[in-house]
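Okay, so chain A shows up in both of these, paired with chain B first and chain C after.
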Partner chain A sequence: MSLMLNHISFKPTEEYHLNDISLRFESGKMYTILGRTLSGKTTLLKTIAGLQTPDSGSINFDDTDFLSIPVWKRNVAMVYQQFINYPHLNVRDNIAFPLKQRKMDENLIESEVKEAMEKVGLIGFESRKIQELSGGQQQRVALARSLAKKAKILLLDEPLVNLDYKLREGLREEFKKLFNVSDESNSILIYASTDPLEAMQLNGNIIVIDEGKILQSGTAKDVFENPATAKVAEITNDPAMNINKCLIQDNSLIMNDSVQIQIPDQLKSIPNGKYLVGIRATDIYLDDQGFAFDVEISEISGSETFLHLRNNNLKCVATIEEVKTYNTNEVVKINFDKSKIYLFEESGELQHSPYQ
Partner chain B sequence: MNFKHKYVFLLPGLIVLIGILIFPIIFTVRLSLSGWNSFNPGLDFIGLKNYIRLFTDDPRFWQSFFRLSFLAITTVFLQYIIGFALAHMVWKDIKFKRFFRVLFLIPMMTTPVIMTVIWRTFFHESLGPLNDFLSIFGLQPPWLSSPGLAKVSIIVVEVWQWTSFMFLLMLAGLLSLPKEPFLAAAVDGASPFKKFIYVTFPLMAPISIGAIIIRLIEASKIMDTVFVLTSGGPGTSTETSSFFIFIKGLREFQMGYAATASFTYLIIMIISLTVIVKVLTKVLMRE
Partner chain C sequence: MPRLYTFLKYFFVVLWACFVIAPFLWAISTSFKDFNSVTGGATYIPWLQFEPTLDGWSVLFKPGSQGGINIIGPYFNSIFVTLTASLISIVLGTLAAYALSRYTFKAGIVKNNDITFFFISQRIMPPVVLSIPFFIFLSSLGLLDSLAGLILVYIVLLMPIAVWIMVDFFNRVPREIDETALIDGCNPFQAFFKVVLPNSVPGMLVAGLFCIIFGWIDFFFAFILTFTKVQLLPVKIVALNSSITPWWSLSAAALVSVAPLIIVAFIVERYLSKGNLSGALK
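Here is the complex of A and B:
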């Protein structure tokens, strides 16, 4: 079974929300749609669910024309970024709602609801009202409802984004378990996210989307190691990969007047010319013999420190593996791992990846 | 609170409250215990004689009361159904939405008494446009002079006049509903009809109860429509409680007895509306 999207476009205003999207989803697999806010993730999921009709293109699921089927007959489940539940029903009835629509046997509904509630850890909350639950619990209810439905297509639209850090980490772990369980049921799982870390952790197929266009799709490893364009490299890294203009000339790589390096061996075959150089924040380290940069902002995140650095027109972010406070305009000396340099054409296409 | 003059500041409000609410009620109770009529005006004391007469010897009051119950419940039920349907219609994105929203409100902006006069002309047996039209099919129904049809006429006028009020409340309610549950319901497999039954209707329950109660209170005072349209006739077949009290008090000047009927009516209304709220809450909110 597979879900096919053929040349889907949606242009409600002057701008494309979805621009000629063609994708193929296989059942039993998990897909992560990775993109920044307003990149078209939610619109894509809504189009698959049937809440939105594209202007052109077709969607086929198992040889049936999906677009001709109204939402309520599509056998799709969706969990939204906001915690969407039925405020007039208690937890049990919320989860039973899709099953009741299908006119299932009462005893069967009872057991299915119980199973779903066990999976998300809501046992004991059956008769609670939705308003009496915390945000995390509300999202668990929405998740249980989508699981109980046992839909062929399960859409998760940034389900963790509105939760606090602790809860997000906890639920993400549970998600991984849940998805492995659902794999057996042969459904298609599509998970939208803005967080590259989350996408990598879920370790499915990654589809990178920006401004309504698919930029790249492939396994998490492939997208991480060989980003198709500079834009993909920015989107799939957090902090975003540092992309800067550079010039390759006479065996040296010139970023600006003061930051110039001998060209590493693996880049020797690249012709002279203008390129974009990409360096991951994690590949930059402190080095007393390195280049001098000014600190613009420093932020501490967990056990790391993000340094926003500047050298004339050259800007970059470095991840320092220790917690240390830096003053603004303090001068630090840095260097970068020359074996991990990416090169992109000026138009953005990948020219060289260290993993090639 | 150690403030000696607080009652002075409360006094203006208190005087108004006593003057327009508490005094009339107490005076009505006192009046209902008197035999005040046109031959014998004055607050004499005749004990519970009026109440005994009302409860044992006046089927006309009770008939008018049950007639009122019938009219109130029928009209409010119809107003609710039609008002909700119209509100639901213009709630969705349809063409000329704004035009319809204003159109459905027009009856409420008109003066009930004047509109009833127009309706009376409309229903007139030999001169009215309605029978003029029906005569094409060979029909000449006596709209205002047959006991059954006169009730129908009153229901029609009441529904026409007040459906827009129900429409307004229901539309306000619909517009205040959260949009998210409807998205969820569609994905969860609810067809538009089921979405109405399982999501819209239950979410509207609290507003529905409020709207129905407001209209029931108003409808149980039906007076101007009856007065202008049929004057309670033919015979007493469209007479309601308030019209009966009006006849007794201001036509026959049996003030004491009218006060008795008024007070009894008030007590019955308070009790029955409380019961109705309870029942509606149970039925609509499933609690």
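Here is the complex of A and C:
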């Protein structure tokens, strides 16, 4: 079974929310839609669910025309980033709601609800009211409700984004297990996220979307190693990959007047000209013999320090593997890992990847 | 500091309570006085300062032939008209408000907000402006001096309040709840009745409270649109006034007419202060 999106476009205002999207989802697989806020992720999920009707294009699921079926008959499940449950029902009735709506047998409902609650770890909370639960538990209820339905298509719209860091990490681990289990049920799992790290951890197929357009789709490894465009490289890295204009001339890569590096061997074959150079924040390191940059902002994140650096018009972000406080305008000397340099054409297409 | 804060808090609460309760005490004490006790200077304490009588109260229940006004009929008329008009206003207002909150309407330049404003604008006009149109309207329908006519007019007055409150309420309920209901297999009607409506009780209670208050206290239309067959409480009470103002029976009538509102307010307040629904949709 597969879900096919053919040339889906949705343009409610001047701008496209979805721009000519064609995708194929296979059952039993997991897909992560990675894109920034307002890139069209939610609109895409809502279109698949049937909450939004596209202006043009078609959706086919298992040879049926999905667009002709109203939402309530599509048998999809969706978890929102807000914790959406039915406030007037207790936990058990919340999870049983879609099953009751389907007029399932009472005993069967009981066992299905129990199974779903076990999966998400809510046993003991059956008769609690929704508003007596913490955010994480509320989201577990929403998740249990979508699992209990055993829907053919499971849509998860940034389900973890409103949780605090620790809960998010824990629940994500459980998600991975849940998804592996649900592989047997042959459902299509579509997970929308803004967080590249999350997308990589979930390790499914990644679909990169920006301004309503699909930029690239492929395995997590593929998208990470060979981003199709500079935009994809920015979206799929956190901090975003440093993309700067550069000039390749006579065996040197010139970023500006003072930052020029010797062309590494693997780039020797590239003709002279103007390019975009891409360097991951993690591929920049401190080096006394390196280039002098001014610190604009330094932020400590866990065991790392993000340095926002500037050398005249050249800006970049570096991840330093230690926790240290830097003053604004302090001068640091850095260097680039030359073996990890990406080159993009001026128009954005990938010209060279270190993994090629 | 916390102690001072607590002290000030209770000080002002008590002060305010005095302002609110004093008129009631005054009315209660006045309702048991006779002519001499009222006009002979300020007296407060029954038996000590004046001899309590039931004259003020008995006038309310005596038929007109015995010099009374017999408010029992008008009392039930008022309850019936107010409750019926409020109920219909809440039902229609809630449905209208849900549609205005969830669906986009467009007719030329008229959009959702304009429709909502059209409802509210019904309350902007002074009632006097509406009196003649209403009179002609009801008389051509043959509904002057009838309960049905009054209910019809009160719906016009009360439904804007219901729509106004409920639109605001629904706008604060996340759309995702309706959407989840649709995804979970409800058609739009089931989504409204099974999910949205059970969670809208607090909003409907507040809207209902306002409708009942505004319906109950209306004097103007009850006065204009009725004559003899049907009379509502406010009109009947004003009929007490004669060459001598009977403060004792006016006080008794005031207490009797304000009692239902106090009861309704207490009931609604108990539901709202439970808070189990108003904050749940966040």
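Operating definition for what follows: the second predicted complex is superposed on the first by the 356 of 356 C-alpha atoms of A that agree within 3 Å, B and C clash if a C-alpha of one lies under 4 Å from a C-alpha of the other, contacts with A are read in each partner's own complex, and residues count from 1 in each chain.
In this text, contacts are C-beta pairs under 8 Å (C-beta built on N, C-alpha and C of every residue); 3 or more make two chains touch, one makes a residue touch a chain.
This is a predicted model, so every value here is computed, not measured.
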Chain B and chain C placed together on chain A: clash or fit? clash
Q: Name the contact category of A:175: first (chain B only), second (chain C only), both, or neither.
A: neither
| said: Contact-wise, after the overlay, does A:326 reach chain B, chain C, both or neither (first, second, both, neither)? | reply: neither
Is A:149 in contact with chain B, with chain C, with both, or with neither (first, second, both, neither)? both
Give one of first, second, both or neither to describe whether A:72 is in contact with chain B, with chain C, with both, or with none.
both
Worksheet item: Touching A:31, do we find chain B (first), chain C (second), both, or neither?
Response: neither
Query = After superposition on the shared chain, which partner residues are touched by A:98: those of chain B (first), chain C (second), both, or neither?
reply = both
Could you say whether A:84 touches chain B, chain C, both of them, or neither, answering first, second, both or neither?
both
Given the options 127-135, 145-153, 217-225 or 271-279, the segment of chain B that clashes with chain C spans residues 217-225
The intersection of the chain A residues contacting chain B with those contacting chain C is 49-51, 70-74, 76-78, 80, 82, 84-88, 97-98, 101-102, 145, 149
In the complex, chain A touches chain B at residues 49-51, 70-78, 80, 82, 84-89, 97-98, 100-102, 142, 145, 149
Per the touch rule, the chain B residues reaching chain A in their complex are 178, 180-181, 183-191, 194, 198-199, 202-203, 205
Within the complex, chain C is touched by chain A residues 46, 49-51, 70-74, 76-78, 80, 82, 84-88, 97-98, 101-102, 129-131, 145, 149
The answer for chain C against chain A in the complex is residues 174, 176-177, 179-187, 190, 195, 198-199, 276-277, 279-281
